[in-house]
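Accompanying notes for the structure given below.
Order of writing sets the chain letters: A, B, C and D. Residues in each chain are counted from 1.
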Amino acid sequence: MSYIDRRMALFAVGTVVAATVVFAHAPVSAADAVRIGLALPLSGAAATYGQDLQRGAEYAAELINQRGGILGGRKLELVYEDEKGTPQGGVAAVQKLMSVGRVKAITGGTNSSVVLAESSVTKGRILQVNAGAQADAITEQGSPWLFQINNTVSLNSEAFNAYIVKTLKPKTVAYMGENSEFNKTVLEKLKESLKAAGIELLSASTYDAETNDFTSILTKIKASNPDMLYVADAYPARAAQLWKQVRQLGGFPTEVMSPGVVTPGMLKPAEGAMNGVYTGEIFMATDPGSEGKEFIENYQKKFNNLPGKGELVIFEAINLIASAMDKAGTDSDYGKISKVIREGAWPSPRGSLRFDEKGRARAPYFYIQRVDNGNVVQVERMKSN
Amino acid sequence: MELLAQTLVNGLVLGAGYAVIAVGLTLIFGIVGIANFAHGAFFAMGGYACYLLTARGLNYFVAVPLSVVIVAIIGALTEWIVIRRSLYGDSHHGSLIVTFALGQAAVAGLILTFGPDPLPVPSPVGQSTLRFLGIFVTSQRAFIFVCSLLVLGALGLWLRLSIKGQQVIAVAQNARGALYSGIDVPWIRAIAFVVGVAAAGLAGALLAPITTIYPTMGNGALIVGFTVVILGGMGSIPGAMLGALLIGVANALFETYVSVSWTPALGWGLVIATLLFRPQGLLGQVQQHRH
Amino acid sequence: MSMALDETPAVSARDITKRYGGVTALNGVSLDVQKGEIFGIIGPNGAGKSTLFDILCGITEPSSGSIRIMGTEMRGIAPHLIARSRVARTFQRTAVFAESSVLENLLFGRQTSFRHGVLGRIIGSSTYAEDQREFQNLVEEVLALIGLDGERNRKAGVLAYGVQRRLAIGVALMSDPKIMFLDEPAAGMNGRETADFIALIRAIAPGRTILIVEHDMAVIRQLCGRALVVVDGKPVVVDEPHLVLRHPEVVSAYLGADDD
Amino acid sequence: MAKFSSIGTEMAIQDIGTVVAKRQTSAVDNNASGRMVREIIYVVCAVAGIAAFGFSFSDPFVVTLAGYTCAFALFALSINVILGGVGEVPLGQCLFFGIGSYGAAIGMGKAGLPFEVAVLIGLVLSVIWAAIIGTITLRLTGAYFSIVSWGLTGVAMVAANNLDDLTGGPLGLFGFPPIGIGPLELGDPQTYFLMTATILLASILFLVAVRRSPFGAAMESVRQNPHLARSVGVDVARIRLKAFMLSAPLAALAGALSVPYTQIVTPEVFSVANTVDGLLMVLLGGARLVIGPVIGAAMFTLIPQVLNLDPNVRILVFSSIIILIMMFAPGGLHQLSVALRERFGRKKDVDGVR
């Protein structure tokens, strides 16, 4: 091999060695601490979500450790790994957390594809609590040590659609939404509920992520003039754009947005175009129930702004892991921990959470909201089941 | 009937926007002889320049021309520092890789500076719409349509009437011949490149209020640009305009009457058809494999 | 052009015309080159000599006119097929495969007559061995001819310009061509190199027909039996070089063209 | 005979990037045999290295990552068949990567075929598509080929998003039965690494053989100078097409081998980001060497892991490096070394002449 090539080969080998060395000697502080691994998108497109979750997790761990930790005084230690918002990243992150980070449980999760990839690694090997990702598929196969904090898409849709057919009572509906992993479920659920209530779905238009001009779609929908427009899009700026274009066309009698996606980041760029739009959510920081008050106040004191849903669900995830381990009296007998989780009822800022056999928690309350000059206001607080 | 008319209007307005992007692309291909994969990045820069200026409280109508100037300057620097070296280097595909890498780097840079999330660009004519005989066009789109026509017209006149324009055409037709007849070909190429990317920047600034701006906004523009350019004929400016209108209308019709989700595939369907039955494009000359 | 009617000419073109858009690069050029002849094509820069060459060996399609090589019509036949019918061509620029060694260049010149494939190469089949043997003999012969025996492992790109020119001829020779098109083969050679080159052409001439586009009149005078003059894409005169060069139009054309 | 074989080796050695310009022909014979020996030694070392790494490291994270790197290096190799082989830029190569992934996923998940059969189907499909796309685009200028193949990956992504029944839609395909080839269980990190690494090594050796064959010579001549190649009888368009059809199954294989690692196949496999990564690997390692892309892949995967780079920083840095390389050393880092050696060599000649 020529001089330079040999150098490059050596360099490559060198990096391998360096890498392994780095991984092998990962710092182990507080040997007795219970290490919990968080695979979060700390870089890439979803980095902002990752930072929200990190804040929420830190807060939860801090409170628990103030209370003296778990399992007789053992502190919680959070270990972060960047999952970069891609399945490959997720797999690498989880494996690194398990083998190098030597964590006792895995949590995190914002993107369903990523969590699905991760769950294939954790399945049968470690406890995983998916805080944010919503796809039903994640818990569909029902892996025994996998739990879900946030409502799945279908749970959200069922709650919200009930309100549509019982209260809003449109005669005809037109649907439009991004062709995304969970909008498919949203659309299926919508079809079911409307069919059951004898409401006609005039058209369902899905567009891909690159779309930002909705004139043609809206022109078409406008021509069929429905009582209600149902929009499903989780992407703040694009949704804002979409609603502006709806306004420019004069709008529709009733307008709703798929539940769980309306955020300040969407309302601000919409510049008032979303006023009057109905939506639903599992939690309302501006109007929490009695259970949430304390959490909200303390959180506001500490960070002087309201917690988002991301902060909330990861907060609940960390608490669930900690108190379940504490109650089960073990940090590694996952069969036992999982059994405890399934049997117990777990207090949270949203009220007490219960997990079904698939490991899903159903939000204790579901909030119907309407956008009113740039902010969401509560229309109704529905108790689940 | 009204739906059809409305759809056609939407398509034409859409196409006018595409035309500005595609003309820049085809100009660069025809004169400089490279497929500029960084075109989308310059489109995005136009958008972001406009955002920064309007965020400083500048009026949108002032911000647009300024954004174009900014993009033109960036383009000039790029040409001077990178393009001519990589283009006149001995590797024929160098320019392609370099522009591609430039585009990737620029997008990554935008993400790192402005974050991945889209940002709104307010337009003074924001919400208002114009209506005539039941057909409506939002004021911003009307503005885009007019601007495109003006710019393309001006470009056409420049090429026809000015001396530089004539030289550009000469280089496009036969670079060596132009060189023999004493035209400063590298200089002409530089001009063509700058004009081309400036056009992309203009398109970005014009569309920003409609689409909001985000780092990868250029990808869509680049894809549309290439489909239009191949359809119209690489290097042919009239071809680019024709292709833009065709694809604009085709997309609108397809979205309204067939399927929204498959629309992105439509352009490439047209391209494949073109390459099969008329490889030189609608108004282009035959391209032989030369290096 | 009415010599040797009994024989079909090696190369014969009938009023070739080529237009690019508005520009007419070639206008009604005809020529007949007899087997075994060394035929020159001269004219000032941009007169269309190279275009004519490209058309004669099929790289460019003429707007009108016909080309026959060894009596068969060549229009519409792919250039690589023409090349395989033992017609070779060298280029003005990019004369050799600069990144490869002299031997590799000659190998590239021979490649299309190899019969072994990837598998044959891996298992070292008998056809592979044959191909090797043939190539081996030919390569030594050619190396001797072009006088690059000692340079066989040098990279072509680093060779002196004149040497590259000789290598280019060597690459062409590897397919043992019957007809050779040499596009300004002596361009940029110094006196000594030019002399060597002329000797080389004389050495390979027997049994071949050679067409040369050349600026250097000395080369044309010493090598060619006849020469065609092209000015502004139009044929001016075909005759023996020394006569051609006295032709008034040629003189004026050259005086006009030499200041570029 | 002996002399000739030296030519074969001469080319081969250049493939492996170790052309040492010889000065006298007398040196040829022993050099040749010497090189043969050295090459065999390289292969033996490679095998030993793979085995050593595969068996000594048990840490699943490191080992699977290494395995995935091998799979992706295979993808880089396929890109280099086009880029370093015939000098075109395959911006749409992730199309075949995706076809391989989806082929494996659909074959296993939907059709319940064994992994190897599913992979095989994927490879065949990739070749067919390469034939179609190549025939349409490769007779035109390089730009057309790059643009259209790139554009078609977008179409593939739309298709993957919308053909739910086949592709599982936006969420993709997941929840596969345990993936294995015969008795070998690819779920096990070490097996996975040994499998991918072996396939990678085999592919490298195959590509070396290809480069030494007449087809390899044809590709090289087309890359260096299509005009001249045509004038010596090479059917340029056909060679380009064949190279493209050779590269496609390699990419598909890489895609299929990445499935046991990612455990999910989403429309994102068609994202241009994949192609970009592959291209950067090739250009970093040097397009002129067969092993260049592998070196590139190692650097490209491990450096970010060690430094924990933000993907955007990574793209920014590596793209800039590429631009510099293309501006000053289009042949990649390898070209620099060659350039150095030549400068050194040329001096010698001058002295020799005087």
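Rule of thumb we're sticking to: contacts are C-beta pairs under 8 Å (C-beta built on N, C-alpha and C of every residue); 3 or more make two chains touch, one makes a residue touch a chain.
Bear in mind that the values here come from a model prediction, so they are computed numbers and not experimental data.
Participant: I want to compare two interfaces, A-D and A-B. Which one has more contacting C-beta pairs?
Facilitator: Of the two interfaces, A-D and A-B, more C-beta pairs touch across A-D.
Participant: Please compute the C-alpha centroid of chain A, do the same for chain C, then give the distance between them in whole Å.
Facilitator: From the centre of chain A to the centre of chain C is 72 Å.
Participant: Could you please state the distance in Å, as a whole number, between where the Cα atoms of chain A are centred and where those of chain D are centred?
Facilitator: 38
Participant: What whole-number Å value describes the gap between the mean CA coordinates of chain A and chain B?
Facilitator: 38
Participant: I'd like to verify one number: the distance from the centre of chain B to the centre of chain C, where each centre is the average of its C-alpha atoms, in whole angstrom.
Facilitator: The mean C-alpha positions of chain B and chain C differ by 44 Å.
Participant: Could you list which residues of chain D touch at least two other chains?
Facilitator: Chain D, residues with two or more chain partners: 158, 161-162, 225, 227, 236, 310, 312.
Participant: Considering chain C alone, which of its residues make contact with at least two other chains?
Facilitator: Touching at least two other chains: none.
Participant: Two or more other chains touching the same residue: where does that happen in chain A?
Facilitator: Residues 44, 47, 179, 208 of chain A each touch two or more of the other chains.
Participant: Which pairs of chains touch one another in this structure?
Facilitator: A-B, A-D, B-C, B-D, C-D
Participant: Tell me, which parts of chain D touch chain A in their complex?
Facilitator: These residues of chain D touch chain A: 16-18, 20, 42, 53, 57, 59-62, 64-66, 68, 158, 161-162, 164, 169-172, 174-175, 258, 261-264, 266, 268, 285, 289, 291, 295, 298-299, 302-303, 305-306, 308, 310-312, 333-334, 336-338, 340-341.
Participant: Which positions of chain B touch chain C when the two form their complex?
Facilitator: 173-174, 177, 180, 285
Participant: Across the complex, what residues on chain D touch chain B?
Facilitator: These residues of chain D touch chain B: 83, 87-89, 91, 136-137, 139-144, 146-148, 151-152, 154-155, 158-159, 161-162, 225-227, 236-237, 272, 276, 279, 283, 310, 312-313, 315-316, 319-320, 322-323, 326-327, 330-331.
Participant: Can you tell me which positions in chain C touch chain B when the two form their complex?
Facilitator: That would be residues 20-21, 23, 45-46, 260 of chain C.
Participant: For a test of understanding, state which residues of chain B touch chain A in their complex under the given definition.
Facilitator: Residue positions touching the partner: 2-3, 6-7, 10, 14, 111, 115-120, 122, 126-129, 136, 138, 141, 210-212, 214, 217, 219-220, 251-252, 255-256, 260-261, 263-264.
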